[in-house]
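One structure, pasted below without further comment.
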Amino acid sequence: MRTAFLQGNEACAYGALAAGCRFFAGYPITPSTTIAETMARELPKVGGVFIQMEDEIASLAAVLGASVGGLKAMTATSGPGFSLMQEHIGYAVMAEIPCVIVDVQRLGPSTGQPTSPSQGDVMQARWGTHGDHPIIALSPTSVRECFDLTVTAFNLSEKYRTPVILLMDAVVGHMREKVSLPAPEELEVIDRARPNVPPEWYFPYEETASDVPPMANFGDGFRYHITGLMHDRAGFPTQRLDEINAWLTRIFRKIDAHVDDIAITEAINVEHARTLVIAYGCTARAAKEAVYMCRRHRVGLLILKTLWPFPKDQVLVAAHEAQRVVVPEMNMGQIALEVERLVGRSKVRRVRRADGEMITPQEIRAAIEYKE
Amino acid sequence: MATQRQLIYDYLRHKKKFPNIWCAGCGIGIVMGAIIRAVDDLGYDKNQVAMISGIGCSGRMPVYLDFYTMHTTHGRALSFATGLKLARPELKIIVVMGDGDALAIGGNHFIHTARRNIDLTAIVINNATYGMTGGQYSPTTPQHMLATTAPYGNIEQDFPICELAQVCGAAFVARSTVYHVEELQGYIEQGLEKKGFALIEAVSYCHTTYGRLNRLGSAVDMMRALKENSITRQAAEKLPPEELQGKIVRGIFVDREVPEYTELYQKIIERAQSGGKA
Amino acid sequence: MQAGEESQAVEEAPPETTKPRPKRRGKVTVFDNWCKGCGLCVAFCPRKVFELGPEGHPVVVHEERCTACNWCVYHCPDFAIVVELVEDGEQERKTGQAVGGRVRR
Amino acid sequence: MKKETTKPGIGRYEVRLAGKGGQGMILAGRILAEAVALYDGRNAVQTQDYGPEARGGASKSEVIISDGEIYYPKVMNADLLVCMSQEASDRYYYDLKRDGLLIIDSTNVDRSPTTRVVAVPITELAVKATGREITAAMVALGLICGLTKIVSEEALEKAIRSLVPKGTEELNVKAMHAGLEEAKRLLEAGLPISLPREL
Amino acid sequence: MRTAFLQGNEACAYGALAAGCRFFAGYPITPSTTIAETMARELPKVGGVFIQMEDEIASLAAVLGASVGGLKAMTATSGPGFSLMQEHIGYAVMAEIPCVIVDVQRLGPSTGQPTSPSQGDVMQARWGTHGDHPIIALSPTSVRECFDLTVTAFNLSEKYRTPVILLMDAVVGHMREKVSLPAPEELEVIDRARPNVPPEWYFPYEETASDVPPMANFGDGFRYHITGLMHDRAGFPTQRLDEINAWLTRIFRKIDAHVDDIAITEAINVEHARTLVIAYGCTARAAKEAVYMCRRHRVGLLILKTLWPFPKDQVLVAAHEAQRVVVPEMNMGQIALEVERLVGRSKVRRVRRADGEMITPQEIRAAIEYKE
Amino acid sequence: MATQRQLIYDYLRHKKKFPNIWCAGCGIGIVMGAIIRAVDDLGYDKNQVAMISGIGCSGRMPVYLDFYTMHTTHGRALSFATGLKLARPELKIIVVMGDGDALAIGGNHFIHTARRNIDLTAIVINNATYGMTGGQYSPTTPQHMLATTAPYGNIEQDFPICELAQVCGAAFVARSTVYHVEELQGYIEQGLEKKGFALIEAVSYCHTTYGRLNRLGSAVDMMRALKENSITRQAAEKLPPEELQGKIVRGIFVDREVPEYTELYQKIIERAQSGGKA
Amino acid sequence: MKKETTKPGIGRYEVRLAGKGGQGMILAGRILAEAVALYDGRNAVQTQDYGPEARGGASKSEVIISDGEIYYPKVMNADLLVCMSQEASDRYYYDLKRDGLLIIDSTNVDRSPTTRVVAVPITELAVKATGREITAAMVALGLICGLTKIVSEEALEKAIRSLVPKGTEELNVKAMHAGLEEAKRLLEAGLPISLPREL
Amino acid sequence: MQAGEESQAVEEAPPETTKPRPKRRGKVTVFDNWCKGCGLCVAFCPRKVFELGPEGHPVVVHEERCTACNWCVYHCPDFAIVVELVEDGEQERKTGQAVGGRVRR
């Protein structure tokens, strides 16, 4: 346990290091840059590598190359860079390469307002790359969670051989808080499963009980093929429908069947709540303040730490008795869409704001107490 | 040198993947042969060699070779390779790209990778077109030639690939053709042995698209043209510029000692770990 | 490159060699299942060892002329030709080895 | 990883330091927060707002101080507002609590939005004390410390020493002391100042 | 009227020319390339310009530059290129620059199966770029519609000063059909509104009755500023919340308030339908076949030609009496999410397929007739 | 030449946008002055001039100028400009970019735009860093220097911007500094008058980030360094390579006639319209 | 732009031409469809499937012919299946209607999946007629025309002339006639062939 | 460039000019509201016309020395200085014009 007064971005970098991250490639962009700067300073100390690439496309490519070489690897960016990374997010999904992509959200679209916070990239994290694919995205609410969820992001990424997106926001990323960081031995760190068969028997995309085939690193004697094309279990391109379908269903199943493991939420007073607030990221802090303000009412709060896969069951349980579900977001309503789909449009009240200011507890309280 | 039979057996994924998908007479297969002979000649262990490619006809090469192989996205092979090299400096990494892959969509990674002088051996198979997508003009299509997207003739200047790599800072730069495959193999060997970024341009015109559209004849005719229209650097230096028009100049353009990226980074690690200035 | 320069000359060699039995000799095999019939070997073999067969694949018609120069082996894009050096006295494996474009260190 | 928490935010004290880019308000906020959190043993959260990309016009830093957990990390109604520029004063005054404390740098602010204000020529004091305008932020911190006691002198000095650029420690501490003295002078003059309630 | 036997891609190119498109910048990619090739051949004949750029990012940038110069402009791509274009789609929204972006969808994610059709980019078209933004996306079902909807895409783009996405698929794009193309005089062609004030009075991002401010072209004497930053009505960067909010609400309102004008659907037997099929793109053709197969039942079909903004009212009306809504898609369920949100999850039956084969009428019929 | 007052009145958006956002002493404003004097000197009508920029400190320039101005995305200004030029060949288009903008993320557009030789005047304000984001290393940061992302010193070679533009095919290439602002203005004028792609590198070190991190002193000190560390091409040719280390070589690198893109395309249009081969 | 249509697809005739890349099946499909649509005045839709990116192994072309509107553009149950390769024959046979017509190129297909088949050495006929293997696709079109009458001779010839590469028109038409003659021969021999019903 | 070379020399000019009244003379105005006080003009004016004032802006203390060389005008990043040529006989506007880096056509 080490107590420090840290920025969310720094905590994210330290979380990565604690999770075993040994490679960072990135391109500067406000408000994510301090993550890169911290990694540039700290990585060589632990024998890791930092490289600033020529753009965000190359950054994620280098991250994927390093991951294939066996290093836990990460990049960090913000909206415009995140848009540029979309093609390679799809590649990582297709080739099942673990990596962590941090998006410190700022106000968009386009260049927008680079120093203003936002939660505008939530749906992009889910749908930004072309073609059908599952994705994991986490969103921290505090500096400590920037650390914790970065560790979790690496763990999930290694466990499920998949890219994991850490959706921070400029508030959480630039905020400073006192945190106590866990000692290495207190942390659960997961490493990718490695093949335990001789190279001749190894199939990098095999069906396994866990739906996640072990991954051999380049350089370890397993000479296999990786491609962004639809491939068979050996990794070679295929056009056979049975092979394409097997891959596609496995890739979704490995996430969908483990939502319980992946979906992290924090529930406050949700039992018998007649009004449920669902929030995430920095907005969850406003929501917490608001919920405590309205303690006379039966108001519950569900904080989503995992945004994708969407914590469906937790939302359904928490909203069970709720007559109203309030969804505050620093965007025009993104997670609200998913909530509406699950609990019915008529119950949902959105509190939205996309001008770069945080939603205030008062605004959420007004929505909680609003009489239609 | 191993026999051809042995080479096939040792280096090709011969049991399942052949015949390859390339058109009859396509030079990409010839480059592939040069690569495996080079690796064999140098006595590398296959477990020490990775091949990374982008997307295109040339990008399909890794499927056929029994190395660590990775077929990435269009234009970004060098960036993937940079990450892999930094993670695994001990690997010999060969990056195979088409001219479009390396210089159109991938042009930025090309110049930056050369600038960083990271130890990769990049082979650009220059077929003067986008073969895979059917014959659009590429940054190496000569001016005035036809392409499906240049039905009135190409009006763009073409990139001098080797000069570009040179100006950016590559340690080794050479050009040959698939006709001169033994020369090509020699350059590949030199590139592999060079510590730093090595760029080898392998000229191999696509007869199926570029050749057909411009009525340049069969694969045999175009192979003959490589022989007849090419000239060594030494010979080129003696010719007046007019006579060089349309000629392929073969030879080594650069072979120099430049500090290599992974080695420089290793020094940073040492400095950081010994408490050096951060 | 030296070897490359060498091969530049090959096509000009006489189609019908006068010496029926060259010093270095090759046993030439074509794998029809990999060969795509591009005709490169047929056109460029300096000794005109091949002819195009009815199935579109080259047929070895003058194996006796083959000097094991390896042009066809190195240029067949489909790895469909193997030429084995026939041991015919002293000029055996060693000669074959000389063909590779070895790097000078 | 699910957990239930019910502890509400208590004893919340909200500070906003506002000025122009380059006046050091963001560093000041960080120093204040770190002093409170690391050396005084309370909780503190610090956030900041600044202009497009690297720098620019308005710049502000907010510090929330509490003995309990801090949820909302921004100022809702400021207990303490320090304005180092006219623009900041015009813009942020409306966020001040009715019984909140407003400090303005009278070197830069001509028109105060209210008469219930502590007007101190902060920049002038800084130039006097250290010869450097940039130390005005430290004078402001000294003032805050002396007037409100939300941070202890020792903690503040430690934090200053650990966060200002190497080599400028003494200069900055000097400026802080100038602020502290000014505060003492003001308090002795018997100013009506609303102080943190629960701290 | 000119009868011809055309490919969908060709019809799209001819539609663009008929709509007044005079600029095309693109980068080849299967299965969109024949659009570029047709434009390369035809544009110079009408004095227009075709340019092949170095990548898709530059392609859309050049399109936006040309549009600012006053030419109607278009690009065409497929999944991987569409992912790369995302940043500039946001820029076009932000700067309100008309343009048409064609995505001939192929099987993804990543390189996927380049020659196989798919409808996997539907959600990406909506959410692919970072930050909150509205978007228009159309999807043709036939070669003739490739022509018509390209004209419509240009019209909407000029009318609303916004990028419009034409989501084709490899079936429709490569299919050949007999079509009768309308003569120029039969076509409605809309051009952007131009300012009718002197340059000194011109505000390029002014609030107007239509929510769409007139657009001056560079070169016409109106020297104004364009930026991807949040801007005021003059186009200059702003950080003022009132100005940001005014822009944001207008940009959404200009689309949302005109959904009636933008949302194009085709309804077949929807009145009193107890089973409603909702389909789009090539899948709509299978659905039509299926619906005619099941004529005994009360089965209706709503074909969506506009996917975004989602034709909410049309769907609600058509689904009014429906007990089941069948949504066949060549993806893992994308439009189905939106349908579920509107009509309730329990009613919706997805028919999904993402292996590169078309959904067959029989598969849709089975879903229509399925007894739970 | 118009007086400064007149220039301010004529070319600056002086009523609202000043003072500008740049740091005190930043050379970007000096380049801006050179540009308006160049435009004024050449007698261009403002309605004939467009300025396009990317993102960065330098990218903010268009806000201040009363031309058609467009602040695009990071790295892509040249591509936007290419589209605009093709739509409006009659416009004089000035593209202002930072070194990161032009050569890191925008490197590919840089080399391709030069290769196409399209009639644009590109000005790269080389401050050896990413100024806007606070001092990370850029492709022009000299080796061994510090940056926020190179806390142990930069290990990458830097791009020779002018040589790169030259090798790719630009028609006019020159370099000067903000100290030599009149020379710079002359180059800008020559670039504007040149039919084809003109690249002018304006060296203007960022004292706020690069300077502070590397302890290079104030804006005044760094301005003095520009004067003392630079040398003309003519003088440079006479020096041995060792003495050129760290020197900024000023001068015109290329000034040649190359067929220009929009003119070549115009010929295609003529050919197509007269029923030429498609 | 809303409209109500109720006209169902009638008289639907489904053709699949399958072979390997390079055998010209895609062009053949296009010619057949264009002949039917532009010169015979019916409706036709043609679609195609081929390998990764530019070319590759299997390749097929499908043509749906009808007097009414054509909705589903692909073969559901083929009325006519032409297989130019063993692989195509093995793979696609199962899609053939029970009373559908199967034509195989016996030059390339050794094992026919059924005995209800018209086996014609199409490639051989092509080489005989024109000396060029690539014209086999035109022989196949001639056969289809002669056997099924779904397209008229005149329309087919026009379409061939308009779609084959300039300079090869005569060669290709010659190949088509070779196919037509073979069809005549077969019909005279009294083969049991199921013909389009409603056309 | 010629002009550029010229200005290269300016800093070395004598701080205190001996000639009190140069032939070409300038009237120097500084706009404080645009000036950011970078000090470039103060440091580089060859005639040391400026001094840094208490508000951080340059103050024109020796206008009589000004030769209207325009160094400060061209190098002020903030367009905060205007130097007008004082008409003092014949060397008026024309001389002023010669300073621009005209393109040679």
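When the chains are written out, they are named A, B, C, D, E, F, G and H in that same order, and each has its own residue count from 1.
In this section, a contact is a pair of C-beta atoms (placed from the backbone, for glycine too) under 8 Å apart; a residue touches a chain by one contact, two chains touch by 3 or more.
All values derive from a computational prediction rather than experimental measurement.
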Starting at chain F, how many touching-chain steps does it take at least to reach chain G? 2
Chains sharing the largest count of C-beta contacts are A-E
Taking each chain's centre as the mean of its CA atoms, chain B sits from chain F at a distance in Å of 32
Using mean C-alpha positions as chain centres, tell me how far chain B is from chain E in Å, no decimals. 39
CA centroid of chain D to CA centroid of chain H, Å: 43
How many angstrom lie between the CA centroids of chain E and chain F, rounded to a whole number? 37
Give me the residue numbers in chain D that touch at least two other chains, ranges are fine. 51-54, 57
Expected list for chain A, residues touching two or more other chains, is 30, 41, 44, 54-55, 57, 80, 87, 91, 110-111, 113-114, 116, 227-229, 237, 239
Residues touching two or more other chains, restricted to chain B: which are they? 23, 55, 71, 73, 104-105, 107-108, 112, 133-134, 139, 151-152, 265, 268, 271-272, 278
Chain F residues within the chain B interface of the complex: 104-108, 111-112, 115-117, 139, 151-153, 155-160, 163-164, 167-169, 258-259, 261, 264-265, 267-268, 271-272, 276-278
Which positions of chain F touch chain A when the two form their complex? 55, 71, 73-75, 104-105, 107, 130, 133-134, 136-137, 139, 148-152
For the chain E and chain B complex, residues of the former touching the latter: 27-30, 33, 36-37, 40-41, 44, 50, 52, 54-56, 80, 110-111
What does chain C use to touch chain B in their complex? 1, 3-8, 11, 33-40, 43-44, 73-84, 96-97, 99-103, 105
Parts of chain F lying in touch with chain H, wherever the complex brings them together: 1, 3-5, 8, 12, 14, 18-20, 22-30, 32-34, 37-38, 41-42, 176, 178-187, 189-190, 192-193, 218-220, 223-224, 227, 232, 250-251
